[in-house]
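Down below are the structures I want you to see.
Next come two complexes, and both contain chain A; in the first it sits with chain B, in the second with chain C.
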Partner chain A sequence: TVGNKIFHFGPCRVSMSMTEIRSGFNTIKANIQARDPIRTLSILSYPHSLHKVKSSDRCCVSHQLFNFYVDKVFRHCRTEDPYINRKISSIANSFLSIRRNFQQCQEQKNCVCDQESLEKLKQVLENYEGLNVTAAAMKALGELDILLDWME
Partner chain B sequence: EDALLPAPQNISILSTNMKHFLTWSPVMVQGETVRYSVEFQGEYEREYANESWIPICECSLMAATECNITEDISATVAYNLRVRANAGTRRSEWGTLKGFFNRVTTSLTPPLMKVIADGYHLLVELEDMGPAFQFCVLYWKKGQESRMQQKVVKEASSVVHLDTMEAGLDYCVKAQAYVEAINRSSSFSQTKCVRAQGGTSVWL
Partner chain C sequence: GELYCSLPNPRNVHFESVNMKNVLHWSAPEGMGDGVLYKVKYSVYGVGKWIRKPECRNTNRTWCDLSSETSDYEEQYYASVKAFLNGRCSDWVETARFNPLTDTKIDPPMVSVSSTEKSIAIILTAPEKWKRSPERESVSLLQVYPGLQYNVSVLNKKTKKRWFFSINNNTLLVPWLEPGTAYCVSAQIHVPTPLLHSGFSKEYCISTLKDKTA
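Then we have the complex of A and B:
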């Protein structure tokens, strides 16, 4: 189907239209990554890859990263290209919808981070805030497939 | 540019099976071709991007009074939509859809279904309704509704084998469409029955 994936975090269930998000991202990935001059730095993977996150913390880390993209990243990704803006809007609205699902998990107390994961999230924010806001937003958007790959 | 043109009226959405179209009444201007431009605004734009609007290139300065917005309505959130008329250098104010549109309200029709008795094999072929769709197929021996069986079909791309039939018995099938992204199902199709060995099939 449209590649709706159901993520189970304990009893909590989060439905995500992964294929819709990925196809939207793939159409703009090259353009977005070309706008990222600093290829040696990573926001999501420095110093540790997301794959080091414990499975018990996956819900919380995913939720916080969706918050990061919705609250901080997408709003600074406006470009001069209407088509790119349309695709970013699609992804942003999908993230907004998915984040709502995560909030339900959090209310059920199934989405809690331990200290190590909180450190990881803190590092992502530091990586992000260490750059000029537009450069940081474009870099983070260009790394969206890192998040999607890790989630899948 | 002055806004002498009247704004488009009767702006509405036609949404069926996750395909969404914005339509409006034509703006009439004597002796001139009127063209229209469409923009959308998702919940994200309203809450996080200063209520910005995003133009739909395919529906920019076009003569038609209908715009396929399916590609842009790609999240299950509330969208605003608006359309403006242009004639020469003149253009109208924006006409905005009354209320939001959320794809969760799309109308879902039961799938077309072809039931095939291939010797002892009960097969079903389903209408390809698009990538968002999967199907729930129910089948049973005629007269034994209480022993109904179910099969979930994730993609409509090929014929699906349901069961191996007992000779001479009638088997009945019905199906409904399901869209995970909005967590809704269509009503069931009409029931179609075939008989093992020499049963015939026809599209409903």
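Then we have the complex of A and C:
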């Protein structure tokens, strides 16, 4: 598909519709981020930026973060605006198909996290569960560009 | 100063960014202009504290260059402005979250052209990222956006025929042209993701050499 990008994680390859996700997010970014009043905490970047993740762990951390968004975030991101909801659903569907693409890497044992990265993922969940679920989901959704910037 | 701030707020507080030169802009409170002074602070998203910008303290300008403070494009930022007049103050007014990587505008590339009898060689140079001082090492936006591409337009001035090329590297040789003819070249930067593109550069015109055998 136009705008699909192939990510190489060692021998494993995952196709992602980055342009589609990015353009969907760009249209709702200001609206979603305006719903997040908490400046002092970042779910993905606290206390350490994703950029600190070792390149050997990028596959596993990316995969686990896609699981996090599909399993925990998108389902709590309903708004009063149908247009915004449609854009969120479209992004969620893209994440669902990307997660399936990661499955092959998982089966080929090319997507393994070491202890340090497991700590990072644990911290993300702690940051998320430290807030009430709607606030946490909106904050995580508003941080999608942090995830996409890091991945690219 | 006042305990409760009664001055109208500054308006339209936002970042204007070109090649990651990130300048905070705002408009004076409604119906006010002369004599209003401002304070500015900024914060890194996800980090607790607000940091004052001394160079923009009690300024009467309606902009403040925060390029230095927002130069790490792996971070995201907020900035905020407060107005003062005759002992009265306004509330702090914040920007939306600012992501230098996706929210900057990119200048067109520099274009240099040379010609032979039947071809034109084009060399393109991406703009540099803003830097604190001229002595500092330059960072090309090509390093910031590894997927950066160029769209190139070549116009035959005689026939008005135009070609478009999309290239990843920064050189292009256009062959099989007519000798002794003027061609004009213009180029644009395109970053597929995060989706960014510059305007087209101005046109650079050059003539192919005359055919010596004619």
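The rule we apply is simple: the second predicted complex is superposed on the first by the 151 of 152 C-alpha atoms of A that agree within 3 Å, B and C clash if a C-alpha of one lies under 4 Å from a C-alpha of the other, contacts with A are read in each partner's own complex, and residues count from 1 in each chain.
We take it that a residue touches a chain if its C-beta (ideal position, glycine included) is under 8 Å from a C-beta of that chain, and two chains touch if they have at least 3 such contacts.
The shown structure was predicted, so the numbers you read here are calculated from the model rather than taken from an experiment.
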Problem - Which of chain B and chain C A:Arg86 touches, first, second, both or neither - result: first
Exercise for the section: Would you sort A:Asn4 into first (chain B), second (chain C), both or neither based on which partner it touches? Expected result: first
Handout entry: chain B versus chain C as contact partner of A:Met18, first or second or both or neither
Key = second
Practice task
In the overlay, answer first, second, both or neither for which of chain B and chain C A:Leu41 touches.
Solution key: second
Practice task
Report, in rising order, the residues of chain A that make contact with chain B in one complex and with chain C in the other.
Solution key: 3, 19
Fill in the blank from the handout: The answer for chain A against chain B in the complex is residues 1-4, 6, 15, 17, 19-20, 24, 70-71, 74-75, 78, 82-83, 85-86, 89-90, 92-97
Practice task
Please name which positions on chain A make contact with chain C in the complex.
Solution key: 3, 5, 18-19, 22-23, 26, 30, 33-34, 39-42, 45-46, 49, 51, 142, 145-146, 148-150, 152
Handout entry: Footprint of chain A on chain B - complex, ascending
Key = 40, 42-45, 47-49, 52, 54-57, 71-72, 74-77, 79, 131-134, 154-155, 179-181, 183
Problem - Residue numbers on chain C that touch chain A, as the complex places them - result: 43, 45-48, 74-76, 78, 96-97, 99, 101-102, 147, 192-195
